[in-house]
Every structure is written in structure tokens, then in C-alpha cells.
Amino acid sequence: MTTQMIILNGGSSAGKSGIVRCLQAVLPDPWLAFGCDAFVDAMPARMRASDEGIVFAADGRVSVGAEFRALEAAWTEGIVAMARAGAKVIIDDVFLGGAASQQRWQKALGAVPVLWVGVRCESEVAAGREIARGDRVQGMAASQADVVHRGVLYDLEVDTTHTESLVCARTIAARVS
Amino acid sequence: MTTQMIILNGGSSAGKSGIVRCLQAVLPDPWLAFGCDAFVDAMPARMRASDEGIVFAADGRVSVGAEFRALEAAWTEGIVAMARAGAKVIIDDVFLGGAASQQRWQKALGAVPVLWVGVRCESEVAAGREIARGDRVQGMAASQADVVHRGVLYDLEVDTTHTESLVCARTIAARVS
Amino acid sequence: MTTQMIILNGGSSAGKSGIVRCLQAVLPDPWLAFGCDAFVDAMPARMRASDEGIVFAADGRVSVGAEFRALEAAWTEGIVAMARAGAKVIIDDVFLGGAASQQRWQKALGAVPVLWVGVRCESEVAAGREIARGDRVQGMAASQADVVHRGVLYDLEVDTTHTESLVCARTIAARVS
Amino acid sequence: MTTQMIILNGGSSAGKSGIVRCLQAVLPDPWLAFGCDAFVDAMPARMRASDEGIVFAADGRVSVGAEFRALEAAWTEGIVAMARAGAKVIIDDVFLGGAASQQRWQKALGAVPVLWVGVRCESEVAAGREIARGDRVQGMAASQADVVHRGVLYDLEVDTTHTESLVCARTIAARVS
């Protein structure tokens, strides 16, 4: 069964975006890539500072409200519809709800063949990379490093702590059917 | 019938993105916004310099190939599916194919209630704004200003030549039902 | 006397950056452009949220502290030194201190020939453009529109309320000797 | 003698920017950071595609012309003047001319106390990171990895191939007096 979607889950600064770009480079077919960052950018600016939307606290904690969840559900349906319409799609997401976040995707996916990938990075290393990139609230990496994987089931996991993005991408690409 | 999608069409540097952000600010409901720029960013980097993908010529002309069209069709289906799943969605697009581009959307939209908006700007003014923004190939604005509107039918048109984005957005918002 | 520097002063969202890019396009010589945004980006991230550095309040007010002022003074000296070393330099700045900010530049400039340009925009229009650009705290444009010009002396003033960036740039360029 | 400037030299995608942001985070004083990327952004857009300015070839090779060199010399003078005026300054540069590029800085520096840092990264690893970041012409990393270090003398060298940016930054910070 041909893989139609690849869903990467990992905490902030674990290195998902870099792996996605490498995947797009090494996979022979053209894959579209969407992520939760692009989804947040698609929301009205006022929702990026609202309890109903998404709040980035000064300590790095992220909380989302009912309006965010409603739009996210529709976004998820739409992304899966792109795959059903024939596009190959890579998603990078942060499962703030752990297993519940995966179930949200599974419910939308139905029978669409998906490769589930966990992207791990040691908390301390991710926190250092968060400083190095300079565009994130400090504390996000550490607060998300473990919780996003709780109860989530993967087809494979990669760890960017000591492995380059391109090498991780090649490992993932080898599992795409 | 409640408006579920707003589709803005206009040439490069006509001011679509600014109107979209103002629409998101003035409309009471939270609307998701997606545009053809975000779609291009979702493609593999190699497609942004390939005849099969999208080519930005030095004179500002843009041409797209078969792979681009195939992914775009799936993207269009997915965006409409977000609207069907309950999200209110604003699209800003550049109808390089004029009426044919509108028909592509119409085919995907089916019965989804949409407000069609033409965003016009005098060619010379758009070309000046292209210089002022500094991140576009010069010539795109002039080459697209008229052709993108050929044969396209709108519910309303706005013209940014002498009217601010926020004022255009309020005019559009007044037509949202 | 050949103009060696052009210093533009105006409130946030008055349209300075667009004018600067147009000036670089229409002036026959290559001019380097620096602005207070680039200076803020050059500071450590922690200073962008510190009383000693620069604080962007939720209502759009901006306040700066002693460390900011000390680094800014050195930055100003360095920019003028680039002009003394032969580069033609365009600066866009926000004179939060009005006449005092101009005196800071004058002290560093000495005999370097400079063209002083005031960039005005009606407060309400600038506030609308602030919404349209979407990357600024709302309220900055309105709170800065007038105060930055208090007591400042210009060689010429342009007003972007009803005049395009490129037209403003041509007006300024005509005064460069 | 108190270190007034830190100059990092390394090829594209060797990891200089990440180290700079970590240095700004770990050094107790506020250091201003400037780099050759910001210098290129300060030039008129037309110079980023001109033999007189800077040309990024499709194979990743970068060549610069006479106008670029003239502006760069003035920029270098100005940066050193900032340090002389009291600012502590971190520079990240790409010494396309190897030892000659270092001499350009030394001539401007005079007696300003500087810490010279070489930032190395194995060519193959840097090329992989170039794919992962996605915003650079492919081939720059490989073509610059070695030549930028030819004949250059350092106070210390760091290697990002197997060492995180934050760890490299701490090593450098320990040498700042």
C-alpha cells in the first residue's frame, strides 16, 4: 500500500522542519509539506494572544482554547482531503495532547495509508538549539520534549540528538512504500 | 446562505495580503487564511526552479508545469474540504489562467457559498509597490495586473490604487453574509 | 557638497522601509541602508524584553533603557564612520525622543553632509497599515505618528498618506546632491 | 586587555549564526552582533544580482565585484568604530578571500582587542544542513568549507560537526577576557 502521508511528531526545536525539508529533497516524488506553524500563521492575529486561540506563556508553556481546536479539526480534515485527492503530504505537528492528538488525526485519516514518525531529541540539547535559533520562547523545547510522545504509537522513531536531519530523513524515506 | 469562503484574486503586489489580514481583523468570526504563496512554500524547493514546478523568469513572468498543476488541484480540494468541515476560509490567489483558474475553484467548490472578490491596482502603481516591498522579481506586478482578471466574474471588486487595505476589507466584510 | 547620508525619521508604519528600498532603486550610486529595526535585531534577544533594553508594551508604547541607549550611541558613531569611510548611507529611524534624538545624530555627524527627511502619515491611515502588515503590536503607529516629529528640523518632508513610496523616493532623490 | 570584538569565520551552513545567538545569551554583557548576511541585505537589491555587487551562482559559488568591495571596506571601518565607541561586537563573516579577508579586518582593527574564532564543519555535514535549512543555494556549504580558512590565524577553533552551538559558544565565551 503506497504511503500517502508522513506525520512527524516531536517537541519544539526537536528538528522536525529540517527533516521535512530533507525528506522533500530525498523523496523522488514531490511531497507537499504542512506544519502546525503554518496553521497558526493562518489564524487571525488576535487568536495568537487569546485564551480561545493559542497562548505562548513566558515560561514556554503553550495552551490552546476551543476556537483553536475547532479550526484545527477542520484543518486536519482538509489536509487529509488533499491526500485523498492524490497529493503526497508530509505533516510536522506537536502533539500537545499526546495520544489524544494522534487519535484526532486517525479519525480524519480513515484508510489513508500513513507513516507515523516520532522525532525525539534529548531535552537539554533541544533547549540549547532553542537558544541557537533565537525565534522561540525559551522553555518550549524542554516543556514539550517528553509529553508530546506520551501514548503515541509510531512506525519508526528518529533521534536528532546525535543524528543529522538528512540522515534521519534517509531513514524515514527508506520506510516509505 | 452563510458565506463560507472568500476568494480574492489579483496580480502580484496588488495588495491582497494586506486586505486578508485586515479582513481577519474586522470579521467577527475567526477566518483561516491561505494563499498561493503558502502553497508554493509547501512544495519541495526543487520545484521552485523546475519546468515541472514553477519558474519565476527574470522579467517577472511566471510559468507553471504539470506537477504544479497536479498538486494545486489536490490543494484546492483540501482547502474546500476545510470549509466543508466548518472552517471559514479566506483565499488569496493569482489566477494566472484567468477564467480557467476560476473554473478550477468552482469545480472543487460545488455548493459551498463563496464570495468572489477582484483586487485591482493600476499597473504602474503596483509596479512601484513591487519595488518598495523589495522581495519580488521586478516585472511580476505589471505582467499580471490585467491578465489575471480576464473573464473572471466577481461579486465585488476593490481597487487599492487609491484605497487603503483596511477600507477595502470593510467593503468586503459588509458583503459577507 | 555631496550628500553622504540621508536620514529618514517617522513613526512606525509610516512607510519608511518602502521609501528606503525605492531610494536604493532610483539613486544611481549604491547606497547602504540601515534602520533601527536592524539595530534592535543586533541586540541580544534578552534585551528585547528588558527594562534595560527595549520594551514593546501591549498598547503599542515603546520604552528604552540605559543599556539600549549606550549601545545605540556606539551604533550611531559606527554608522557615521561608514559614511566618513566613503559609503553613502540611508538611515530610517524612529525619533522616540524627538529633537533630542536628532541631536544625538548631529553630535555624531559633525560635518558629514546629511539630508534630513521627515516621513509623515496621518495617524489613522498608519494605524490601518499596521493592521495590514500584521507583524507589529497594534497601537505603535498611532502612539508615534506625531511625537517623533516634535522639534525636529528637516530639509524636506514627505507624506505617504496619499503618495506612493516610489513617488516620495523620487522627491527625496531630487534633493540629493 | 578586555576583548572588544569576537570575529567568527566559517563557510556557509557551518553554524555561525546559531553560535552567535548562543554567545549573546551566555555572555554577561550585552554584545551587538552583525554578519555578512546583514551587510548584503543593506545593499541595493540590484547589487545582489550584479557582477559589480555579489553573484550567487547556481552551483553555490559566490563572487563579488568592485562596488561590493568598496562598500564592504567602509562597512568594516564602521563596525570597528562601533567597538571603539564602546560597544562589544560579535561578527560572523565568510572569508571568501581567506587570509586576505582577515588582513582587511586587521587593517581596520588597529589596536582593538579581538578574539579570532574559526568555525569549522565537515563539508558533507554542512552540505546536509544546507538542505535542511532550505534557504540557501545548494553547493555553497561544500564550496566554502575549506577555502575560507586558508591562511587564516585563529585564537581558537570550534567544530560544529559533532558539537552543539551552545557548547561551542561556551568554549568561546571562556576565552573572552
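The letters A, B, C and D name the chains in turn, as written, and every chain counts its residues from 1.
Keep in mind that, in the parts below, contacts are C-beta pairs under 8 Å (C-beta built on N, C-alpha and C of every residue); 3 or more make two chains touch, one makes a residue touch a chain.
What you see is a predicted model; the values in this text were computed from it and never measured.
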- Could you work out which chain's C-alpha centre is the most distant one from the centre of chain D? B
- Among A-B, C-D or A-D, find the interface that matches B-C: by residue number, over half of the contact pairs should be common to both. A-D
- Query: Whole-Å distance, chain A centre to chain C centre, using C-alpha means?
  - Reply: 39
- From the C-alpha centre of chain A to that of chain D, how far is it in Å? 32
- Query: Taking each chain's centre as its mean C-alpha position, how far apart are chain A and chain B in Å?
  - Reply: 27
- Task: Return the residues of chain B touching two or more other chains; collapse runs of consecutive numbers into ranges.
- Result: 21, 25, 45, 134
- So in the complex, which bits of chain C are touching chain D? 21, 24-25, 27, 30-34, 38, 41-47, 53, 67, 70-71, 73-75, 77-87
- Item | Residues of chain D defined as touching chain A within the complex | 17-19, 21-22, 25, 125, 128-129, 131-134, 162, 164-167
